[in-house]
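Below: one structure in structure tokens.
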């Protein structure tokens, strides 16, 4: 069983484009049950939540994947697999029929039914609900239960990527009518034991989890260690068994320890320079190109990320992505061309402020790189490092030149429609490209793989050449872990196996 | 016997060659201070590389011929960065410390001579400021108004005014009771004259000693701010930020972190050794 | 002017009056603090709603959330409402964590207090010993050595000190945990072990200043006639300092300690961050970044109270140590 | 039999071991037989205290005993190591410091401090020690000997503390007692008691004693041998009587002369002059003022006086009598609670704020202690220059010229102008202090104990200076002092303050012979005379006669509790009236014909 014939078919193609990675289930030796581990996420604050809709930070996603399951989930190949949904199919990509797995139970023993799913999905539409994915959820025209285990999701327009979209942690399924989440009640692999916002989350094995034999661990404690150095030290001193978001500069130490390893996940995560079209000279196409040529991508990869990154081509689709356009010529560091374009743009000696922040990973140093080479190209940049605190609300996209940071999106459609569609809330550069917008809708409507690949290919070209976004590299996600922790493999949507490691790993110690 | 002691004191700072009479510790301190001031001024010109330049292929390189103090976490030249970073730790911190001490002293003098209610009000307000944790205060301020050099200076100064005020006030209140102040009052002097000519000169030394510690604290605050992701704007960095940004090199004992740390230590210790050794000027005692 | 000798009662009365005065002016200070905090936090960009939605903040979503959080009312109204609540003994409701501020505080305050208390237990005796020793050896080698070391210690960034400690004791020797995981249950010793390094780091930070103050205070006394008199009675150096000088030097010492110790609560941000210790300081930083005003206010209040009461204790000790004031 | 204490070729230096060290005591030899009392006499800087301390093997910081030998009994003191000395100090040799108030630990109970020597030297256990202490308290005629030990220093008077210190010194039964100016800080009326107590106590212990003092009269009562010191060298040594009656050394003679200042001829004051300063019914003090114009804590009660242009009024009284407060009220530092202060016919505003610069100029206040009255941060030039500029707008050359004149006026070399005053000697400072007042060209100078902090010789010189200035400039003084001798020497009229009331006021002549007010009588009778045996002659004063309870509320005689002439039913019932005595003075007493 799997996805319905047509979509299953679509899912079959282009599997060749995958990095050589095992899919779950095939994970090598026999898992063993039992054991307790402690893992460290990147953040912890009183804003920590057990409400999937409000998940804001990676630590939240991890927590939610421990407690809840979704209709679908991601595999190593970035393609959606069925989870709570037993079948999910659509002929027109607008009306989707979903059949739920039978006999799934919530932690409180209640049986999963269509009502739960309807509730879980529709609540994102309430403006006051504080849902993080309301913009995406706005595609839901209607969600209706058609039987105890059957429902239909009607979209406002065609979207072939709905299954992938629903695999995000925000759309994880909660029990109908759940209001406050002090005692979270999900169908996930682990039950809550204790949850103290900003301190720790402890979960214990859910014995009647719907995946046979899983999960393996007795107990997991999830804590947040915001300070990277402390995080790595905690790993090396054996206080935690796995840490997320390791700084590339710490890899050497971790490997040298002999007892620890790195889980390196190539991903679509990127930090980009944003040039606003309405920012005066930054709106000038030549200026944009000049900046793009000014990026010494090799240096950024080497110096900033110690090689743990993939050179990008100023568009948001990473090379390992099924729809990556390989024949698009790679743009490289070229001071002369930069100068040429700047000259054409009529660049003055005036000082251009660039807004960076630790909030956008690596942006401060990228800024320094640009400033350094800019000086040689007669470009006078001033780096403004803003406090991470309040950066997104006050600086991001608000200045002619600022840095943004975009987390991996599961599908080309998600990243394009959220950041590049002219009407998108976070159309960072504020550009407007009719052709691009039209192609976006076309791609959604077509289920035909090669055609979609072609469409997305053209969109990548348009962004790379005409959009004011300079994307030097895709940053690999680096997790450090104790070698006794088994069953890990990269899932490109996020660290910790796309945040969903909990149900897959086991402990041999 | 106290006659000689007094003589020494009387000459004090005024006479030339006081440096020569400093105790060894004082000389060492003076040396360090001069060295760092010189570095702060000449540093940017002495720097072999542009502090922002990615001059080295490898990061956290050790001591070497091309790069005496190795390279930092981005492969930039540590020597150059320290040389140009000194400016901020010395200049900014000193300026802020001076501003704090002066303002604090000024307020203290006002409080000491002003009517009770004003004194009370001032003291309450100062208490208010002290009781808000300085780093968090700084965090809020920076978050609220951004972080330019001027602003860092203002914030640092602002945060350390209360401390200076407390010390200065206790000093001023005692001095205000001295006979010579009474004499000045019966001469019909205005409060301003009394504050500046009669009281102030006699609080100088304690305030200097206090200034030394304040300076240390401000250097610390700057590095603390850099820990919270604030502080001097890149690619420049004050010594504290240098330590911070290279902290991950600590495991491998990279010069990139050892050198700035050492720099901070020598700078702050130097300042205080010097101040501790400065000749005091007291009223003479009975023999 | 010789104070007329009077009974002990009037002394206590004097103490009580002082206490009363202090409490009164303390309340004033508290109000000022809340006002200051409110004003500067008003300058902060964005608000709780915006921060909650973060990157995904679309105007109408923010507006809706604001409305739901009651952030749409004018600032003054919110402040007064909060103040009224506080007077009613209710520190308010955290918009972000959406639980009562009191509960959040209750979960963190004990941690901070424990850490501060233990650090005090380490730091104060240490500071006294250092201060007294160098005062007795005034100008000597040992004195200078101690002086320089304490200075250097206070000069080094605390995150450096803490990190070095972690590398040595946790990563290399594996003696102590690198992060302070407060054991839910388990005895005092486990607690000590968990907190050993935060305590160490914090103590190092505060010891220097207290030691310097102690030294200064004692040296100031050593010049006085009664000390010479004691010497001429044949009193031993140790007895001289401990029995004769210390009681008279205690006032400035405790005062300096009050200031340093108030740092142990609010100043511990960095130490708390590095050792991932759930204390109040990091909570307050949190409140700032998430724009959680009620929480921010509550933290500020607590730190202010702590500071005020420490100073009050210091003054009380000073009074008790000085018979002149004690039975005034 | 060999002497009990033997000092040979004693040499003490200051400032380092090398030749940069300067000698402060040189070649001092003396011996004391067991039980004898040797007096060390000299001015400050004469090294008398330094010598005394060497007998405990002690040299103050910065100094060291560089040579000579000191023998106590069979012990070579300079041969002892630190523990050895510690064992000696407070046990075999005891020290009684000049200022008991400062020499007691303010934060410890008297008893703990008194018995401490006995305990740390393991002489006796605490119980016996305390018993011994109490018996000593009795012997030293201390009030409530059984409970006084529980008091703290600040709760006791100077005289009591001085005696308690003696108890502390004697508790171990030391063989040598060193008394370092033990009565200098006391009022004369108390001094006599203390001297008596000391003499008796020391004698009864059969201890040898060294008595350090600058006051020959006092020494005359205590010592049987005298050593006159000057600049660290012995000027004259000998039996007390001989040194006092026929001094061979002229330095000794100057000391003797200075000890009893001769009356200074007063300039002929033109009669019936309108008073310069006139005070009527003045009340002053602290705390809030009630409707009758009395402050909560009154310091001055119903004071009335007047000083004519060029005249001098002496104000005498013991510490706490309010004499300094009087000066401060006139200077404007303390607001009067009620009563009028008129200056040159017009009323003086109470506070500083309302006074005109000219009023400030015409009244100048000179403090007792030049060390605290001169700002250590200023040079002589700055100190004198300020009033010149401030009052007379003198700058540059004119200022320098005037400054030279001033320095000349106070008999100091003009070269001093550049010096910082912390470098000057006590006498020089006091002259600068005076010059600063003169710089204002005042009409009235308020002199608050200007000679008390100085050595007798220096003090005498200052007195001469004041008298001369008065003649030359026609100044008027309000001269405040505790020493009746000094006051008589310079003043035309004298007011005796007791407890804030003027118990007697009259012309100088009236104080030459009785009748006096009972307190004046006590005061005059307490000044020791410069001859041995005077102390013995003064029969211990009888205890005041028993009287009934004082009528509270009534404004009774302040001297009542100490008065030996008090009359039951009168003094403790009614406010004392003012009488005019034939001698010419007015007294505040119930006795129509006061005591003699």
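We call the chains A, B, C and D, going by the order they appear; numbering starts again at 1 in every chain.
The working rule: contacts are C-beta pairs under 8 Å (C-beta built on N, C-alpha and C of every residue); 3 or more make two chains touch, one makes a residue touch a chain.
The structure presented is a predicted model; accordingly, all values stated were derived computationally and were not measured.
Visitor: Based on CA centres, what chain would you say lies at the far end from chain C?
Guide: Result for max centroid distance from chain C is chain D.
Visitor: Could you state the distance in Å from the CA-based centre of chain B to that of chain C?
Guide: 23
Visitor: Between chain A and chain C, tell me the centre distance in angstrom, where each centre is the average of that chain's C-alpha atoms.
Guide: About 42 Å, centre to centre.
Visitor: What whole-Å value do you get for the distance between chain A and chain B if each is reduced to the mean of its CA atoms?
Guide: 46
Visitor: Counting only Cα atoms for the centres, state how far chain A is from chain D in Å.
Guide: 89
Visitor: Which chain A residues touch at least two other chains?
Guide: Only 229, 388-390 qualify.
Visitor: Could you say which residues in chain C touch two or more other chains, in rising order?
Guide: 44-45, 163, 167, 171, 273, 288-289
Visitor: Would you give the residues of chain B that are in contact with at least 2 other chains, written as numbers and ranges?
Guide: 139, 143, 228, 247, 250-251
Visitor: If I apply the definition of touch given earlier, which pairs of chains qualify?
Guide: A-B, A-C, B-C, B-D, C-D
Visitor: If you look only at chain C, which of its residues touch chain D in the complex?
Guide: 2-3, 5, 224-226, 228-236, 239, 244, 247-248, 321-324, 327
Visitor: For the complex, which residues does chain B have touching chain D?
Guide: 1-7, 9-10, 178-180, 182-183, 185-189, 197-198, 201-202, 204, 281-284, 286-287
Visitor: What residues on chain A touch chain C, complex-wise?
Guide: Checking each residue of chain A against chain C gives 44-48, 54, 56, 127-128, 130, 132-135, 180, 196-199, 223-227, 229-230, 233-234, 236-240, 388-390, 392-394, 396, 425-426.
Visitor: Would you pull the chain D residues touching chain C in the complex into a rising list?
Guide: Touch list, chain D to chain C: 53, 56, 58, 60, 85-91, 95, 97, 99, 102-108, 116-117, 120-121, 151-152, 154-157, 168, 320.
Visitor: Chain C touches which residues of chain B in the complex?
Guide: For this pair, the touching residues of chain B are 25, 120, 124-125, 127-136, 139-141, 143-145, 163, 166, 213, 216, 219-220, 223-224, 227-228, 240, 243-244, 247, 250-251, 257, 261, 264-265, 267-269, 272-273, 276.
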